[in-house]
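Have a look at the structure below, then the notes.
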């Protein structure tokens, strides 16, 4: 499953997409994010499911701002969450 | 030589008339209505009124702001040139504060962060546009929900006793949240602070995308709001300078650019 | 404003029990309770078939509403809460269902429920409520393949329409119709943000546009935005539209036209999708519990 966490507003599209088929619940993104955007939740989509990464409720509505500091307008973009995820389950839409 | 800068903002038009880039002969502002050209014409008449100055004595007018195109080479204003806001912001702020490296401009419908070099040129910038939650409109809409005058919002926030969070990140949903807070008997002071804190958090995160380097200046209409500066300082963890008449800085920058362009052409 | 919005999105409270079913014959009695921000729904299923249900407004205390909705659903059936083998809570107030054994996210329940209501050909579910917009793509079993939920921004939600209904002083039920009475579709309103789109609409009205034309421009902008969100999760037929905004013909007919897909007609009130989906999850969980799976 591809879970789109975030929103689209007048200023643009801001989604963190987690591919839960790839996510192994390793928790590395949770620890890597300097702004505590991620959490591990029990997979509620599949009753057999284990733990999966998700964007916290708190950050879903302000992800553009939460992720702002990791996305400089110029210079190197180092998205700690994407780098930390060995399963390559995390992408950003912007 | 007399030049002028006109900043046609989403809500207000600001005009600054400058002599030799040194002394401000006159300045004025006024609301931008449905007919931009007509509104700006009225503001410029207001600025020139009683000064004895006439349009043809002004060698060059540079327009900036969201509505700048409406007066570009269009009579009766006939602004000769137009420049983007960030360039005018950088120029004007750098002239007033020569040590400035980061300019934060919060207007009615846009928030901007500008990195400025030692010559007042733009190095990098970020803009929040087309979402009311990240600009002055947010505070204005919340003031209406609180039934408080916009001008009083900042002072009200300064009298708050408690920091409470605001969850809504959308102007429309925040309106309902304010109504709910009023019903749960949260004081207007504390609600006002929550509004300013939320807004400052968003602007700070935006500015972080260009990086914060001292000195930092805050300009634009919202800079006049005393309730906005303290949470912004706190969020960015830095001192922030607010120049005198912060709402005119863009227009002032445009007037300086007009002079520069003349110099360039005379060479 | 919040009072009025409740008025606009008021739920028709109702209950219904399927006439030819008897719970005494059932091996598994499971239930789902969906506590939404405006309406709360309870559904009881017998071996995976819908038996009885109720939909009512969410009151101030979600726990009480949950109990009330459940009691109303089983009223006069002779069924008692203790006869129900497994209850799953869903919706925004799902943690407040005191008798639920488990909670499951409304996205998963909505997809499962839509699958039950519209049949197994459903692949794309668009749900537009008063305060959010969800786009869900699911497989032939009703399992979620991808989803997106936007509850941050009022644009593209019922609230965005309400603001406009207020502006042109038209009852929300008639809003969609006003937008369809223009001959040629105008350019959409250029602003997404409801606050700015409202200001833009005011400017258009002042320019002399009739309110129907402005309404068309506003609806079209909203539809473009929704299609943009749908495109992210992927649009595949069959396509269904649920939620309060499904009643707005100005939105639905434009979606149909621009997506070139006709939404399926529901066999049951799609408002029940979340409750039905959670009752189906309850069945699966109960089967797992007793060792059937």
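Residue numbering begins at 1 within each chain, and the chains themselves are lettered A, B and C in the order written.
Rule of thumb we're sticking to: a contact is a pair of C-beta atoms (placed from the backbone, for glycine too) under 8 Å apart; a residue touches a chain by one contact, two chains touch by 3 or more.
Predicted model only: the values in this text are computed from it and were never measured.
The touch graph of these protein chains is complete, with an edge between every pair of chains. Taking each chain's centre as the mean of its C-alpha atoms, the one that lies farthest from the centre of chain C is B. Distance between chain A and chain C, defined via averaged C-alpha coordinates, is recorded as 26 Å. Between the CA-based centres of chain A and chain B the separation comes to 34 Å, rounded to the whole angstrom. Taking each chain's centre as the average of its CA atoms, chain B and chain C sit 42 Å apart.
Touching two or more other chains at once are residues 130-132, 169-170 of chain B.
Within chain C, the positions touching two or more other chains are listed as 152-153, 191-193, 196.
Residue positions of chain A touching 2 or more other chains: 9-10, 61-62. Listing the residues of chain B that touch chain C in their complex gives 34, 109, 130-132, 137, 141, 145, 169-173, 175-176, 179-180. Those residues of chain B lying in contact with chain A across their complex are 124-126, 128-134, 167-170, 201-202, 205-206, 208-211.
Touching chain A in their complex are the following residues of chain C: 103-105, 107-108, 143-153, 155-156, 191-193, 196, 225, 228-229, 232-233, 281, 284-285, 288.
Residue ranges of chain C in contact with chain B, taken from their complex: 1-2, 5, 131, 152-154, 159-160, 163, 191-196, 203, 206-207.
Those residues of chain A that touch chain C in the shared complex are 1-4, 6-10, 15, 44-47, 60-62, 93.
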